[in-house]
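As written, the chains take the letters A, B and C, and residue 1 is the first residue of each chain.
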Amino acid sequence: MQVTIKDLAEALDARAWGDLSMQIDSAAEPAQAGPRQIALAMSPKYAEALRPGAAAILSEGMAPEDYGLAAAIFAPRPRLVMAGLTRRFDPGPDIAPGIHPSAVIDSSAQIGDGAAIGAFVVIGPDVRIGANARIASHVSIGQGSRIGADAMILNGARIQHDVQIGDRVIIQPGAVIGSDGFSFVTEQESGVEEIRRTLGKREHIVAQSWERIHSLGRVEIGDDVEIGANAGIDRGTIRATRIGNGTKLDNMVHIGHNVVVGDDCLICGQVGIAGSSVIGNRVVLAGQCGVSDNITVGDDVIAGGASKLFSRVAAGRVVLGNPAIDMATRMEMDRATRRLPRMAATLSKLQKTVTELLDKA
Amino acid sequence: MQVTIKDLAEALDARAWGDLSMQIDSAAEPAQAGPRQIALAMSPKYAEALRPGAAAILSEGMAPEDYGLAAAIFAPRPRLVMAGLTRRFDPGPDIAPGIHPSAVIDSSAQIGDGAAIGAFVVIGPDVRIGANARIASHVSIGQGSRIGADAMILNGARIQHDVQIGDRVIIQPGAVIGSDGFSFVTEQESGVEEIRRTLGKREHIVAQSWERIHSLGRVEIGDDVEIGANAGIDRGTIRATRIGNGTKLDNMVHIGHNVVVGDDCLICGQVGIAGSSVIGNRVVLAGQCGVSDNITVGDDVIAGGASKLFSRVAAGRVVLGNPAIDMATRMEMDRATRRLPRMAATLSKLQKTVTELLDKA
Amino acid sequence: MQVTIKDLAEALDARAWGDLSMQIDSAAEPAQAGPRQIALAMSPKYAEALRPGAAAILSEGMAPEDYGLAAAIFAPRPRLVMAGLTRRFDPGPDIAPGIHPSAVIDSSAQIGDGAAIGAFVVIGPDVRIGANARIASHVSIGQGSRIGADAMILNGARIQHDVQIGDRVIIQPGAVIGSDGFSFVTEQESGVEEIRRTLGKREHIVAQSWERIHSLGRVEIGDDVEIGANAGIDRGTIRATRIGNGTKLDNMVHIGHNVVVGDDCLICGQVGIAGSSVIGNRVVLAGQCGVSDNITVGDDVIAGGASKLFSRVAAGRVVLGNPAIDMATRMEMDRATRRLPRMAATLSKLQKTVTELLDKA
């Protein structure tokens, strides 16, 4: 995995400087970079730790001579260069090629050319595994599921039955795809139904139990999706739960039954989306956001950290807080609330003043 | 799994109309329903997509003739009919009958009649598995644990030692039952103890480490409980952590050590209940709620989404927000807070007016 | 595992009373304690259920004669005694000694003396397992990882490649260490970058996809760390994600890429720490706290339940709420907000009074 500065710059579509023949085998932070490592020094703060004679990635406008570098590559958009660079040096997961003899694979399953299957993997009837897919140890894939080409299913992930997964999908360890939805009903009106009807009042508390609504729907996951460690996606009741192409889900994200998430969304750590909600394209939900059941979040919505979305959010809106409202309004409200104790004192004093004025009048 | 409209209506305890001999093998949404599928059209909105000649489930008051249906079943309470219908058509998990030869089962374990045990399952000493229980692949069941009759333990669930699980319990993939509690103590008073004593003030910051309090208690789970994917229930310290009959826990729910949850509760996605708290019967905690340690939540309490319960909640209360308070009060407070910046401006103006009045007086 | 009252008191560094030769084999709550169990009765409330002739642990100041006890041990700091006592009576995990024949262990892996390895464990190339470490069933340990001496890795935990774990570390079932970071970049400025620049305004919505930044860094975990069930720690991008010595992480805690957590922290259930943030030593984050990316939380900070930390928190601070601010200020604000609807009415009335005064003037 060795590469010259010249070839690396070409792969990154970036400009190179200095000794283009230098051999590089990995990347490091400036303070840790060894002789065959390229130092990541896209901000002057980090660049201070560069050692003379090193190779480094710099931002446009920085001067390699200032640091005594032997070679440099210029990153017009540093994080984008990081994407290319880390892809170039990623050795990939440690899944050996071929099918491990301990794997239990149903005779009706179809395994694509070049697919790698690890130890203690279980593959059920009528499963189809795409070409060059890599299935790490301890994964289970249920009856009738399909894994796309070049997909990577990491250790101990659970793919239940009738789950459709696209090409180049990455599923981190411990994720569960296709668990049953959380859907229950009581024989008579439940307390939750009552308070939705009365807007919070309870008049008839009845002791009753929950009947299960079974989940007969599938899960459909597009191409180029990533699903985080210990995340979970429930199957739909009758229709499918769906995740669009290019959408990324972080660790411990919870997607309820019947939910539809559009394309190219970013759903960050520990977000929960309750049953039957619909999320548009390119939506960003920061860490620990929550989305109520049966609501719609429009295209290009961005929700700040820990926002709780209780009702419809129109396309293009930026929201924050619990309940989530327009971000600028929320920040103004938070500032006002911080001044509230002082405001209460002001009001109290003013009230006294007016009373005195009235007494005089 | 084919059934006539007549038999299906009888199974659902519902009224049928039209060609009672029509054969049905599954359910679908109106737009997707094929010739042998019953379309779910309980609201007029969905019914628009019904095709003539189809069979459908309608709400009471809807007219099958309006849609040119061949047969119909009437649902007086649509979600209740969904429960019956989806149970009727659920093919069940894909766990083959019998014991997979790869399973590692201790010779002292007792396996009930008709139990199915999947690939790579590990069953420890003195475990008892009830009749007709189904244990999916990769599950581990620790020493001395008991699984009830007709239970379904899905793929990769972890049942640690001395866990008692009732009949007909369903455990979704990746759930962990019986992990150790999170219980630590410092040699001298800790910062947390100090601020509980001083209500927030820190005077003596001491550098010290945490001693572990081991978890010797069990976990006891009643009958008809469901536990979601990647959820977790810690064992108790000395006494048991307990989940009552008929209670349902959603994905990624976290139940701390010593917690007692009553019967017929609904604990939604990503809820966390901290150590030693006691939850009554028929409590509903919506998604992402949090319950502090050592508090009591009374019977029939309902907490709205993302509510944070920091202190005792009396039976029958409906609460919302962080901190959780009476739902109507919280909604009034939220409305008032939204008007707060305007209110601050009004107050400021009024103050100026009064100052001018005072100057004149 | 039988012990006399005398030996138990010595092990707990506590004072004993009465029949020091009594044999004890476990601990229980007063109401459940059998003849060979020591009853935990450190508060008078619990002590009421003590039966005469029993052995009990009492708080200093309680009189064993009042309860007719045969023997007693005095706990000057009850929870500290609980630590010693539960450690004394913990039988340990049910992992049989030796290496289970079903385990798949790469020939280049080094297994320390006395290490126990359970069924269906997978150990990759160049892994080193410390002496007396115990690896439960279904665990996977990726290439190049190191597990310290006396560590306990419980069932189904996922240790990915190049993870360094110290001595005496405990990892609960289902935890994932070394999953890939959640790090993506768009070709042009993304909506998130735009609103950070404009403080909330969106002018140019562009449809674009996410490029993946691969995670080449490691995870480094110190000695005496505990990691909860279904928790997750992402690997770093270039540098390592690090957890300091003595730090305890509860169930479903999410640690993003590049995060550094100091020594002796307590990170409670369902806390999330976003990428590249730095947490000091002895920090306590109560359940469901969230920490934004790229911020610093100083030594000895305590954050109350469900606090959301959006910006730097100085050492020694006690914070609460969303957004997290000084705990005393937050509580004052919450009280003021609760009075806000009444305050709005007061202001409205005052405004009317002043208008009338003005009319008269």
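Note that in this section a contact is a pair of C-beta atoms (placed from the backbone, for glycine too) under 8 Å apart; a residue touches a chain by one contact, two chains touch by 3 or more.
All values reported here derive from a predicted model rather than from experimental measurement.
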> Between 0 and 180 degrees, and as a multiple of 5, what angle does the rotation take that fits chain B onto chain C by Cα atoms?
Replying inline: 120
>> Shared numbers divided by all numbers used: is that above or below half for chain A and chain B, i.e. same or different?
In response: different
> What is the distance, in whole Å, between the centres of chain A and chain B, each centre taken as the mean of its C-alpha atoms?
Replying inline: 23
> In chain C, which residues are in touch with two or more of the other chains?
Replying inline: 120, 138, 156, 174, 230, 252, 270, 288, 322, 337, 340, 347, 350, 354, 357
> Which of the residues in chain B end up touching chain C in this complex?
Replying inline: 104, 120, 122, 124-125, 138, 140, 142-143, 156, 158, 160-161, 174, 176, 179-180, 182-185, 187, 190-192, 195, 199-202, 205, 207-216, 230-232, 234, 237-239, 252, 254, 256, 270, 272, 274, 288, 290, 292, 308, 310, 322-323, 325, 329, 332-333, 336-337, 339-340, 343, 346-347, 350, 353-354, 357, 360
>> Per the contact definition, I'd like the list of chain C residues that touch chain B in the complex.
In response: 26-29, 32, 40, 77, 79-80, 82-84, 86-87, 89-90, 93-94, 100, 102, 118-120, 136-138, 154-156, 170, 172-174, 224, 226, 228-230, 246, 248, 250-252, 264, 266, 268-270, 281-282, 284, 287-288, 300, 302, 305-306, 316, 318, 321-322, 327-328, 331, 334, 337-338, 340-341, 344, 347, 350-351, 354, 357-358, 361
